[in-house]
Amino acid sequence: MRGVPWLELTILAPLCGALLGLVLQRAVAVLALVSSLSTAVASAGVAVLVARHGTIRRSVGAWELPLGIQLRADGLAALVLVAFAVVGVFITAYAMVHFEPGSRAARSFFPLWLFAWTGLDALLLSSDVFNLYVTLELTTLTSVGLVATGGDPAALSSALRYLLFAMAGSLLYLLGVALLYGAHGVLDLDLLGAVVTRGPVTWGALALITCGLALKAPLFPLHGWLPAAYASAPVPVSALLSGVVGKCSLYVLVRIWLGVFGVPLGRAPAVLIGVLGAAGVLWASIVACRQQRLKLLVAYSSIAQLGTIFLVFPLMGRAAFAGGAYLVISHACAAAAMFIAAGTIEQVVGHDEIDRLDGLAHRLPLTFVAFALAGVSAMGMPPSGGFVAKWLLVRTAFELHEWWWAAVILIGGLLSAAYVFRVLRGAFVPAPITETIRRSRASDLLALGLALLALALGLAPDLPLALAAQGAPS
Amino acid sequence: MSMRAFLVLTVIVWTSAAWSAHGYLRDAPNRLSFWVFFALTMAGNLGAVLAPDVISFYVSYAVMTFAAYGLVVHERTPAAFRAGRVYVTMALAGELLLLAAFVLLVGTAINLPMGQVPAAVAAAPRRDLLVTLLLLGFGIKAGAVPLHVWLPLAHPVAPTPASAVLSGAMIKAGLFGWLSFLPLGHGTLGTHGSVCVVAGFVAVFFGAVVGATQRDAKTTLAYSSISQMGLATVAIGVGLSSPASADAVFSAVALFALHHALAKGALFLGVAVPVGASVGRRRIRALGMFLAALAIGGAPFTSGAAAKLALHGVVVRSSAAPTLDWLLSLGAIGSTVLMVRVLALALARNGEAAQRSSAMAPWLVLVLFPWLLIVAPGARPLFSWAHVWSSTWPAAIGVGVGLRLCQRPPARVPAGDVLEVVSVAARGLKPTLARLLLASQAAVTRFRTRRARFLARWTARIGRIDRAEAALSSFGAVGALALFLIVVLLLVVVPR
Amino acid sequence: MTAENVLPVGVLLSSLVPALIIFLLPEQRHGTRTALNLFAAVTKLVLTAVIGWGVVHHRRYETRVRFLPGADLVLHADPFSLLFVTLSAVLWLATTIYAVGYLEGSPQRSRFFGFFSLCVASTMGIALAGNLLTFFIFYEMLTLSTYPLVVHRGTPESLHAGDVYLAYTMTGAALLFAGTASLYALAGSVEFVAGGSVGPLVAGHRGALMLIFFALVAGLGVKAALFPLHGWLPLAMVAPAPVSALLHAVAVVKAGAFGITRVVYDVYGVRVAEELGVMRPLAFVAAATVVFGSVMALAQRDLKRRLAYSTVSQVSLIVLGVAIVGTVSTIGGVVHLVHQGLMKITLFFAAGNLAEKLHVTRVDQMRGVGRRMPLTMLAFTIGALGMIGVPPIAGFVTKWYLGIGAIEAGASWAIAILAASTALNAAYFLPLLRDAWFEPAETQGGILAEEATLSLVLPTVFTATLSIAAGALAASGVSPLAWAKLIATREYQP
Amino acid sequence: MPPWLAYAASGVSLFAVGMSALVLHGEVMRKILAANVSASGVFLVLVALARRAPKGPPDPVPHALVLTGIVVSVSATALALALVRQLRHGAQLGPSDERRR
């Protein structure tokens, strides 16, 4: 078990799949599936390893620091890695259903997705600020490409906007990294954490890095690029963007805060981030309630959920940290499920306008069930992963006697109930019996599977929480 | 021992009424309903008399009370429904008062044997309140003034056999309640006693005066019941204020109840006895009614005389004995007047149920049974000259007054007397109430409109978020906000 | 893995598993579904009986699963949970039979029965929950699984009712969540223990505990329809009759009242709550609701709305009993949980029968219905008289104990509330009974000619019989009253 | 002011100029160019930092970083250009389309 280079495999498996996919275009879907499954197995391997032995570090190709690249997996990384891998497999499978085999879109989607996944896994396992930059860029650029696979003008222009915003964010981040390196001469997170002190350089780096990542994450009010990109992309892309890729920048920010800034700079900037996160929860939830299109609704819901995760900054502590991690993974499942369900609806009726979905549930029962179950998690109602996360965050807020964070989370939950049920209530309108739609139920089953995963996370949180606690801040 | 009298009267009155109803209702459309409620009421009444403990008493009593509603409204006429409404309202109030009393009395020990009740009441921490509740609660059933208003409405509208049990047996359940629950002989309750005595005499005269103005035999009979129950109330009052008289009160009230139940039952049934064209039957009916009326009037050698003698025995123990005694005799005048009126009204017409054949036999039982009382041991004084005189002169005056009234009947007081006043007052209040209702409806509407307007305003306000959200997606806004974020972050981290 | 560990889960699963199977069954498999439902209901009753026997014999039934730090998932059976479990299990059986008849031939029965069983499963979880978090989880599951039933018809009115239901219950849920989480934050862990467990915290956290209490009670008060949180209940009556039965008797408002009782007695402990001074406000709110609900009921012209407001009033009697400190009033409150359920479900069944067979939905259409549907109206009469408090029907026992409890606790004002409740109940029920029985019918066939079908009448008569039995046999050892006494004595042990 | 600092400062200014152009210019090509200018600014900062130590050989790490950064920047630019091209080519959108948004 220990002999197998699981960490490297999690990166290599999707990378190989992507490269082979570029060459063997006919078998690209099968290749993607195989490599997704291998990645999942490798991720599981990492998780088992971390669960048993705690944080693991490996130097790639035996090159030592500072020039070599070191991979590091602690509990948080392992947990997110596994969760993303599972969701990734589902998305791959869904894409196989969604895209016509051999189509142009399929040929470009699978390799890009696997490249993105490569970047994603590398990002999760990165241990220095520059590697984080590179992997984040890899993920972002491939994501932009993925958005553009839609091919229509809306998708292209929103991809372009996404790219420009992301470039700006990356550059801000990189300048921050440059400042840090200039001041301290190291890039490794732990080493930086050990040497970083108060001072103008640190302050500047903090401001630049935080702002850059806030732009990419996105943190309210810098989220302007996101809804259009999510809504205009092909469904599998929306699912993986909001479920998986969308958490990257946040992950980087958490890593850097945990490793570098958290201790010396005190709580004030963390509270600022929390305030923006809270504002984002409320803002995006209200906007989500007002959307006419289902995909936009889910997109805004994702922004709101991200906002909730940003609350771990002011609540920093073991329980809140676990809550944040839990929200990341359960939202990964739930958001993907919701997007897949929305995609199915759009595919069947040709639109995704919420007010015109009345009675559709009779024709697409499984789709609506999947959406409803994912909605339960998004609302943070028990039993679901969303509930567990909310519980951990709210409880921490009360433990810190800062009830206002709890209030924001609870109000956010109420608003999310409002938009989820806005979709679901139409399901109960009786519809005249129309022709049954002949189509594959695979996409429904996949959405349902993801939604059930989100629920299952709420039934047995013990194991994931134990994993997240490995190497977590105390 | 004296409580057995209640069992006897209950059984006899109910049996005869049932017998009589069998014929009376032979072809009535709602027979089934009548018998169901008749049986239920009877079961409740018997249960109350036989109850071994408080809870069984209360349950039986309540069953009786609510089932009797079915008897009151049996005819389904508007008058019946009105009477029913009044009855059920009053009965419910009575039940509530009693429930409160029982709760105060026994707490969770709902199995308190009936025999221990008076002592328990006397020892209860809130004795006075408790006694008040009991007096009022049972007083409603017993038709004590001013709680009697349902009685003259309800008794006459019921089918005659039902009137007989309502007036004959059921109001005795109220008396039974008083006797069983009040702490007679367990301490002095002066105020309660005096109030009872006063209320009792008020009932005696009020019932007689109002009853004398009635045009309907059954209503007059109902007022007679009110008047007669006033006598029992007086006795209870004396018993409350002087513990020494308790035994006498028990036997007097029991005897009185027995007498009144049977005689009143006989009078009510007599109203309905059909005679058709037969002169013989008509004479029998007239004679029977006359005998029963004599008893109620307290003429010598009747059960009424025996009952009054017993009451006299109670009253003399009171501190105000001469006055009370005199008032009793005065009351007897009233009773007789009412009886004359009843006879005149009832005999002027054929039995109301002429077309429905009703058995005469059960009626005769009721007529004749009370006479047994005067041959009972202990009735010796009935035959003393003094007593004969004291019971004759009021009766004679009463007959005179009654006959005079028959020639020139006074203006009729509407049945339900005080209730009419209340209804008129209520009618006066109606516009006010309607205005209040309208005002409250308007307030609700106003609230709803305001809420709707408020919501609409806020929805519109929240709607502005759409424009703001659209603005947030421009490069310029994001750039400015990002710059702002950097500045704020710096401001926040840089120590001052 | 002993029987003691497994049985509570068994009770839960006996409706959860059928729910899942029903969802998967094709719509047309009506026979299979009915059989499954009945089998499950009977299984649950048997399991409940076994546990009941065990609890009487001092066995300890508990299932504990590790869940979150400081908060396990716990199902346990104590006398109070068993009271609620038994009530729900019995009424579930009745309601299932009723619903099978009521929904004959209507669409979406699979969805209906699936969510119905899910509701009952959630209710079982609520009843058996061994700590506040477990309680909350099932409480929220109940919220979610009742929504589809409320909007089952899919008409604009029912969708509106669903919206309002969600708005109320979700807000309540948020408050309950806040209260629960903050109590856990304060106390570390909140198990349900007779006599409560937060006592030691009173010294340092008086204000916080008071606030948390009000948050919890407000959260629960939404489901218990405490004024002014009752707005959803009268609207929800647009749902089919079995759903009303479920909302009013089997699960929802009961869950709220049950939760308040749990919070008062097993989280805070009655002495602690009294010392915090939160019982009096609770009692006042409950009292206000009793009167308010009755007055509103009087003003309603729609039969089911009248019944709904009657529930608002009656459920608050439970809360009133719970909030007046004293063993006897507690008995009154707790036993009313059962009594109100039995009587109100009878009333809703009967109202459903009237609407179904005679299309009688308004109170002014009741003339003569007693002749046309005698069994139904007999049941209705028993329920209505019971609500008024006529002995020997169950409602009388409640009022008796509440009355004594109020006097015992020196809260004589509550007597006035009881009296007002009785008078108002009489005012809005008796005219219906008069119209039904004493007014002539518009049409009249042979007797029973117009009576509803057997599967509608049977449960109606069954619950009516239970209402009488619960009152008439209150003194016996197996009555709800005897059980409530057991519960109350346990809570007041020093 | 040591020379490295001057370079670094000018790098930062370049970055700022690029960023403001990225935000302020409506034309999408200009935005892409602005991003590149901005990136050059960052690279300049990094290169300047490599020579921070007054004596000895320059720090090799920043060079590695800059090289990697350039690769990233070029890829991003290429992607952006490809998107613009496809947009104009496929959708017949005028160059001013971006401005209207």
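The first chain written gets the first letter, and so on, giving A, B, C and D; residue counts start at 1 in each chain.
Here is the rule we use: a contact is a pair of C-beta atoms (placed from the backbone, for glycine too) under 8 Å apart; a residue touches a chain by one contact, two chains touch by 3 or more.
As the structure is a computational prediction, the values presented were derived from the model and not from experiment.
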Could you say which chain's mean Cα position falls nearest to the mean Cα position of the entire protein shown? C
Larger contact count among A-D and B-C belongs to A-D
Can you give the whole-Å distance between the Cα centres of chain A and chain D? 27
Just give me the whole-number Å value for how far the CA centre of chain B lies from that of chain C. 37
Where the centres are mean C-alpha positions, what is the separation of chain A from chain B, in Å? 78
Measuring from the mean C-alpha position of chain B to the mean C-alpha position of chain D, what distance in angstrom results? 100
If you look at chain D, which of its residues touch at least two other chains? 19, 22-23, 31, 101
Multi-chain contacts only, two chains or more: what residues does chain B have there? 474-475, 478-479
Contacts with two or more other chains, residues of chain A listed in rising order: 164, 168, 172
What pattern do the touching chains form: line, ring, star, complete or other? other
Pairs of chains, among all present, that meet the touch criterion: A-B, A-C, A-D, B-C, B-D
Within their complex, chain C touches chain A through residues 66-69, 71, 107-108, 133, 136-137, 140-141, 143-144, 147-148, 151-154, 158-159, 162-163, 166, 170-171, 173-174, 177-178, 181-182, 184-186
Sites on chain A touched by chain B in the complex: 164-165, 168, 172, 198, 200, 203-204, 206-208, 210-211, 214-215, 221-225, 227-228, 265-266, 268-269, 272, 276, 283, 286-287, 290
Chain A contact footprint on chain B (complex, rising order): 462-463, 465-466, 469, 472-475, 477-479, 481-482, 485-486, 488-490, 492-495
Chain A contacts chain C in the complex at 319, 376, 381-383, 387-388, 390-392, 394-399, 403, 406-407, 410-411, 413-414, 417, 421, 425, 428-430, 461-462, 465
Which chain D residues qualify as touching chain A in the complex? 8, 12, 15, 18-19, 22-23, 28, 31-32, 35, 38-39, 41-42, 45-46, 49, 52, 59-62, 64-65, 68-69, 72, 75-76, 79-80, 83-84, 86-87, 90-91, 93, 97-98, 101
